[in-house]
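Once you scroll down, you'll see the structures, which are given as structure tokens.
One chain, chain A, appears in both complexes that follow, with chain B as partner in the first and chain C in the second.
For the complex of A and B:
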């Protein structure tokens, strides 16, 4: 038993060293050399090349879109982990609709009224940040987080579990697939209808909306899982 | 100048949120810290990061921490003093410094549960029959009675660390409510 463990251990170390050598070999022999510094390369002509007026959006949706894919993957893995951990907890059938929780006397009148006034504006600013992400500061992640905040403030006013979390989970996985396919087709394989600023802007808006919806559903799933499946 | 002010305020609120005694207060300090952090990012020309920090730090995580602290187990303390006719916050002053504050500190630091204090001037028998509190402090003249259950580990810990929890009170009787029969209680 112990010997096999040791053999696997050595095999792992060998595998890691081999992987490191492959990476260093590829990096030293096949990496692309650019004459200008990276900052100039990213900021010189990004409007014509990517259709974004915001350099940050140009970087995370075009120049370095690979990083965005892995960020989206990371969020999805953490959502799956949260679901896994809270399923493992004994009460799986805790879908509930409790009248006792929904007692307006327990909730502060000030919070209810203020959330009612603020709610549409929060939704509006979230959508604005998503759709305008390629022009002004913001983007999919920030707008999605603001939308999720709006949904979570709903919990403060109306603490009930009438959301279809399964639907949200399926939506999140489908959105991840779409997030992977769109840049692969548009940026890597260059399947573009036209190489104009307008076409690039449409791609930016589409990607930002996908990322925003995905972040929104992911953060909402995490929050509602923690609230309704954990603890007392 | 503005930059120095921001950075010093960040340090102050970070240490407040770490060293505060009350969990809820820590969460609020953390929210203020995140808001200042967002302003700092804006000051350093990073509006994208500032937006993310404002949405996540101030909105999401504050609400999440507040919900989480709501789910933390609460230790329910009831203070009974039948001699007081009209009970208000001033009547609790006599045990504030020598019982309540040290007890709260002990529960938060050592047992890691949230203390919650209620007080009343109803008769102790009625309260114990009708309300389910974890721990009763009963003042009767110069005597102080502590009621609790012998199966409750937190109550056992409080009794074991009595000299740390309760100061300047010499006449204390500890009564385990589940070991006392009804006729004994009548005495």
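For the complex of A and C:
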């Protein structure tokens, strides 16, 4: 029995190594060089067409905005799953704030002092990355993730669950509605003013802020739900 | 070290994750292997179609060729979806662990330890 298991294990290792070698061999020797029509189309004149200086922002907010819509839907569905398909909703009702527990977790003076100094700068760089997402590297997803680290540091300093997650979830649903309606009206139905230079960049900043806030609330909900059950 | 490009490392990471999926019987290790496979795919896509000396596609300066912005824009989407998939998997694992006491992909309920 044990020797068959060992043989199967070695067989699996050989299978993985063989597969990797076959794929690398095919990739190095027989990969076809294809033209890049999409890249040529997207990088030809994106500043005039979309008002974004960052080509990636131009792609995910204007040329391929469907991707962003369904990605936002996907994140929202996973957040709803994390909240609802959870075994310990009973635990949430039983939870009480315990002073001794709080003091035990809260014993690192260095972390508290440093986080107190860093906290406003984290918020600042998150907002900067969101708002400048269309002229420089960055955008809604990255800035939202940085904003969510601000709440995570809040948990390190003040490990309590008085944050209103229901409010955050409702906010996320409203933001998703706004994320769907804005490109439908502006990009698909072309409800644009005659001079689109200003309105394009307003659209970019608005969409980046919406996506940033949505990613922020989604990641915070996921983090707080997971950390809620720690030690159980 | 020309051989070790991002694509090669991405393919290797993918097969490391596949090996983990094949051999490990712990559910948490399965989720970790899926994450490793995902990162291999991200790395492969991000470094594909890279030409030496290209500049980031920001602004309209055309002194040098732009790097390809299409894979980066696709991978932004894929990374967020990967976070969602991992979160769903971990939540379902926690649910099953509490309800049925299952931590392994096995008919034998009493398996313990990290050797699986």
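We adopt the following convention: the second predicted complex is superposed on the first by the 179 of 232 C-alpha atoms of A that agree within 3 Å, B and C clash if a C-alpha of one lies under 4 Å from a C-alpha of the other, contacts with A are read in each partner's own complex, and residues count from 1 in each chain.
The rule we apply is simple: contacts are C-beta pairs under 8 Å (C-beta built on N, C-alpha and C of every residue); 3 or more make two chains touch, one makes a residue touch a chain.
The shown structure was predicted, so the numbers you read here are calculated from the model rather than taken from an experiment.
Chemist: According to the stated criteria, A:9 is in contact with first (chain B), second (chain C), both, or neither; which is it?
Modeler: second
Chemist: Between chain B and chain C, whom does A:59 touch in the aligned arrangement: first, second, both, or neither?
Modeler: Second partner only.
Chemist: Give one of first, second, both or neither to describe whether A:227 is in contact with chain B, with chain C, with both, or with none.
Modeler: first
Chemist: Pick one for A:156: touches chain B only (first), chain C only (second), both, or neither.
Modeler: It touches chain B, and chain C stays clear.
Chemist: For A:208 in the superposed arrangement: first (chain B), second (chain C), both or neither?
Modeler: Touch status of A:208: no partner.
Chemist: Would you check which partner chain A:148 touches, where first means chain B only, second means chain C only, and both and neither mean what they say?
Modeler: first
Chemist: Should A:137 be classified as contacting the first partner (chain B), the second (chain C), both, or neither?
Modeler: Both chain B and chain C are touched by A:137.
Chemist: With both complexes superposed on chain A, which partner does A:36 reach: first (chain B), second (chain C), both or neither?
Modeler: second
Chemist: Chain A residues in contact: does chain B have more, or chain C?
Modeler: C
Chemist: Looking at A:50, would you say it contacts chain B, chain C, both, or neither? Reply first, second, both or neither.
Modeler: After superposing on A, A:50 lies clear of both chain B and chain C.
Chemist: Can you list the residues of chain A that meet both chain B and chain C?
Modeler: Shared contact residues on chain A (touching chain B in one complex, chain C in the other): 56, 137, 139, 141, 219, 226.
Chemist: Once bound in the complex, which stretches of chain A touch chain B?
Modeler: 56, 129, 137-139, 141-142, 145-146, 148-149, 152-153, 155-156, 219, 223, 226-227, 230-232
Chemist: Which stretch or stretches of chain B touch chain A in the complex?
Modeler: So the residues of chain B in touch with chain A come to 47-48, 50-52, 55-56, 59-60, 63-64, 67-68, 71, 73.
Chemist: Using the touch rule from the top, collect the residues of chain C that touch chain A in their complex.
Modeler: Per the touch definition, chain C meets chain A at residues 7-8, 11-12, 14-16, 18-19, 22-23, 49, 56-60, 66, 68-70, 72-74, 76-77, 79-81, 83-85, 87-88, 90-92, 94-95, 98-99.
Chemist: Could you please specify the touching residues of chain A with respect to chain C in the complex?
Modeler: 9, 12-13, 15-17, 19-20, 23-24, 27, 36, 38-39, 42-43, 47, 53-56, 58-60, 64, 67-68, 71, 74-75, 77-79, 81-82, 85-88, 135-137, 139, 141, 215, 219, 222, 225-226, 229
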